[in-house]
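Two complexes come next, and they have one chain in common, subunit A, joined by subunit B in the first and subunit C in the second.
Up next is the complex of A and B:
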């Protein structure tokens, strides 16, 4: 049986389009230092470092753990770099958790980042793959047809996506670190924004951000010595399936269903809508909220959009399952870090440290990330109690 | 001491150019071979982890295509490191220790032929101060070789001996890329390439893939599988600033080896030394005696598949133990310029 592990420190940075005041190392170190400060630890307290980011081409820098070893005080320590596409921030946190659960390490620093202003993510995502069809359309171009299929199947009204876009930006106003702060956001503003990939408008898409997110994951003993409340890791799960094969269910991928079932089983969750107090879910394009509500078992198939319209996922509207109270990926998206931000924000909720976007009395929270062609999933459930 | 057993290892022939073979075509045969050799089905494997690098093929998400080789439906538990697959094995090792999984398939692949590898590897360097100067990996290794020679840590003749030994050992390895024997005289007559390195001091550029299977010792015994036991694994990194390091020593390899359980009975070591002087450096840093057989597979000088070569050292040592050649072995993997990052695995016969 695995050793217990808990999040004992969280550090982020102010997310924005371009952090031209820091290098990549400076950005990553800033988040890591903030996590150490939160945990009231020194660099020398860290036994190992696990970093994650999306493709190296996003910065034009190969295998960055080599360069970042100094900035992260990893010299003479183990440092490992995870890359599982968009789900990487979540996977990185899970690999860091295994470092502690293995019993080998007491305190592990994990950092995920992307400094997208160093290059052009849309270009990097669209470069031609050998022996494959060239699709020069970025992630939105890939997901829009799946969203159209969802709308067709579920008969969801057109405003659902726009409502998610508004809701997450309203949440972001409570989070001082969020990239997008749009106090005047409303349905009309979203509707008036340019159509990028039918049915996704500009304001229904995530921004491109510079940013880094760090966590300190500690053993039971480290958590006991920690000045702030730990977020206990109650379950972790990852699933992958191929991008394409005949008959693949792309709208409601099996890998997501299986991953959720696995993590719920570990955390003793029977009914996610009832048992979870809040969730930070990877929603880079508005329509992915109703799609993931269904995929993650918060409601029956075809019903997700109704929860969104009812305000069930909205914090200001007093919804019973507020999603993405931090503002979510729609408000902040340094791609490789976006998954870890979900995991870290879930931890902050159970630690009671989410500030103005705290869901009162959160006992259990879900962190979720996905990537590739909606084929790589990573999830964790964190709790206020050890078990 | 763990209860982790290496039960299978498969390696594709290392070649200079795999032609039009794509990732799936490189990976799938070794995965099938590794699974068949231990009698496990894909569905018996709890977790899969791989190592690869996008910049080798020059497009993002090189590993995504790899999933196609796994028959990953129903969905599987799977992860990936943008590192040598030796570190993918390390990730699995921790998950085994945590009790999360009881078996794992690890694979690594690299197709370096589409680009100019030494130049591609310059993209690993500090992106602000070093990368713009475009120092290639061979030139950096040459600086290290010069430091070794100047410090009297090795001689030109010893470097030649490393090459001679590699080629001699590689003759027994049908997967090796460079197997032609060479003599001290031939090497002495060879011209410098990037001084003080000659071409023979440098690993070849290779395309290929490898796969390795681990499970619990109890399962290996139940299935009647021969296996090599993982005594321990650890890895360490050093400063990225070459000027901050003593390039003639490898404290990271030494500390990793100590923590992994290095002991005096080691009979053989597979050292991931892409350049001849680095084998000497590693022997000295690890304190390996003259009696220790080095690189019975031929080592990286006989074939160096980026992102798989470190895993190949571990797989080759496990295979040698399974053949009954040794009881105690060490396997080493490296990453980065001038042996910046090092991983050590200590293995023993069951």
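Up next is the complex of A and C:
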């Protein structure tokens, strides 16, 4: 039986297109310092550091965990780097949690980041390979055919994706740290934006952001000594599957289904829509909201888009299961950090610290991240109560 | 007829991969390299009172942010060295030279750079060297063209 662990500090930065006033070390440091301040701890209180980011090729730093050790005060401490593509922010948090759940460490700093303004994520994602034709597609080009398949199977109306794009940007207006603040966003604006990868329009896609997110994860004793309310980690799960194999169900990946079942079992969740109060789900392209609603068991297969259209996932519309109240990946996307932001925002909701996008009385929240070709999944459930 | 897998040599193909990136240095390193452009060597003062060239952004021992830089003389002492008798085309000097670790005057720690010397016999640990500035400086560590023997 694992020991209890809790999020006792959260630190983020103002996400924006470009942070050319700081180095990557300075950016990571800023988030980590904010997390320490939130937990009212000093650098010397930290026993270990777990860091995550997207592939090295994105920013051209080989083994950035070595270069960043100074900035994270990891001298004479263990520092470990986690790497699972877009889901890395989530899996990094899970590795940090397991450091504490193991009983070996009292307080662990975990941080994830991306400086997209200085990176080459688009082309590093779809590099030429010998003996193969070059699909110069990027992430949107990879996921668009899966979205088309979803639309065909579910007969979802075309406006579903656009509605998600509007909803998450309206949520972002409540979050001062969100990258995109678009007060005039509406369906017509989204519809008028350029078609990038049919059926995905420009405004149905995530932005490119600079940013970092950090958390302090502490033991039961550390949580008891913490000045602010902790977010108890009630379950963690990761699953993976290969990008391609004959017969792979890419629209509704088995790894996602299994990962959700595992984390729900740990947290005692029978009906996710009813038992969870809110969720921060990795939705980088609008249509992934209805797709993940189904994959994560919030509704039956083919029904996800109905929840979106009914406003079930909208905070201002009073939906019963608001998703991505912080604005989500559609409003802020420093790739390597995006998963950790989901996990951290879920924690802020159960801590009651989500400000203007707080879902009142949140007891249980889900944080979710996916990566690669929708093949890596990481999830956690955090609660206001220990068990 | 069965096709066997060992009748032909396995195929290989070369490929080249390259991307363009940007680097932002932040306040400490930007100030240090701007100093080099202006012909000035700047050192980081740590909480413990030590002086470091080149300056780190964060103190390696305490982890504190570096808050101030101060000028030091553009000369120092060789802590260690390695003679390069056959420089490659990418070497900083096009004739035999030494890689040296230089501790700047009054500083702690050291900086790795090239030392111009006529012969290996000229180089030794503890020798005095000084900066040879590049004729055109832009705010880059190469603004120090190399070090040279400093005869006092």
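Here, the second predicted complex is superposed on the first by the 382 of 387 C-alpha atoms of A that agree within 3 Å, B and C clash if a C-alpha of one lies under 4 Å from a C-alpha of the other, contacts with A are read in each partner's own complex, and residues count from 1 in each chain.
Methods note: a contact is a pair of C-beta atoms (placed from the backbone, for glycine too) under 8 Å apart; a residue touches a chain by one contact, two chains touch by 3 or more.
Because the structure is predicted, anything quoted here is derived from the model rather than measured.
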### Task
Examine A:372 and indicate which partner it touches, taking first as subunit B and second as subunit C; both and neither are also allowed.
first
### Task
Tell me which partner A:57 touches in the superposition: subunit B (first), subunit C (second), both or neither.
both
### Message
According to the stated criteria, A:124 is in contact with first (subunit B), second (subunit C), both, or neither; which is it?
### Response
both
### Message
According to the stated criteria, A:70 is in contact with first (subunit B), second (subunit C), both, or neither; which is it?
### Response
both
### Message
One more residue to check, A:358. First (subunit B), second (subunit C), both or neither?
### Response
neither
### Message
With both complexes superposed on chain A, which partner does A:22 reach: first (subunit B), second (subunit C), both or neither?
### Response
second
### Task
Give one of first, second, both or neither to describe whether A:40 is in contact with subunit B, with subunit C, with both, or with none.
neither
### Task
Based on the superposed arrangement, let me know which partner A:85 touches: subunit B (first), subunit C (second), both, or neither?
first
### Query
Thinking of the overlay built on chain A, is A:189 touched by subunit B (first), by subunit C (second), by both, or by neither?
neither
### Task
Using the superposition described at the top, determine whether subunit B or subunit C touches more residues of subunit A.
B
#### Entry: Touching both subunit C and subunit B, counted on subunit A across the two superposed complexes
23-24, 57, 59-60, 70, 75, 118, 124, 127-131
### Of subunit B, residues touching subunit A in the complex
20, 22, 53-55, 57-61, 63-65, 67-68, 70, 72-83, 87, 90-91, 94-95, 97-100, 114, 120-121, 123-128, 131, 234-241, 244, 251-252, 255, 335-337, 340-341
### Task
Under the touch definition given earlier, write down the residues of subunit A that touch subunit B in their complex.
1-3, 23-24, 54-63, 65-70, 74-85, 91, 94-95, 98-99, 101-104, 118, 124-125, 127-131, 237-243, 245, 248, 253-255, 258-259, 372, 375-376
### Task
Provide the residue numbers of subunit A that touch subunit C in the complex, in ascending order.
19-26, 29, 43, 57, 59-60, 70-73, 75, 115, 117-120, 123-124, 127-131
### For the subunit C and subunit A complex, residues of the former touching the latter
11, 13-15, 17, 19-27, 29, 56-63, 65
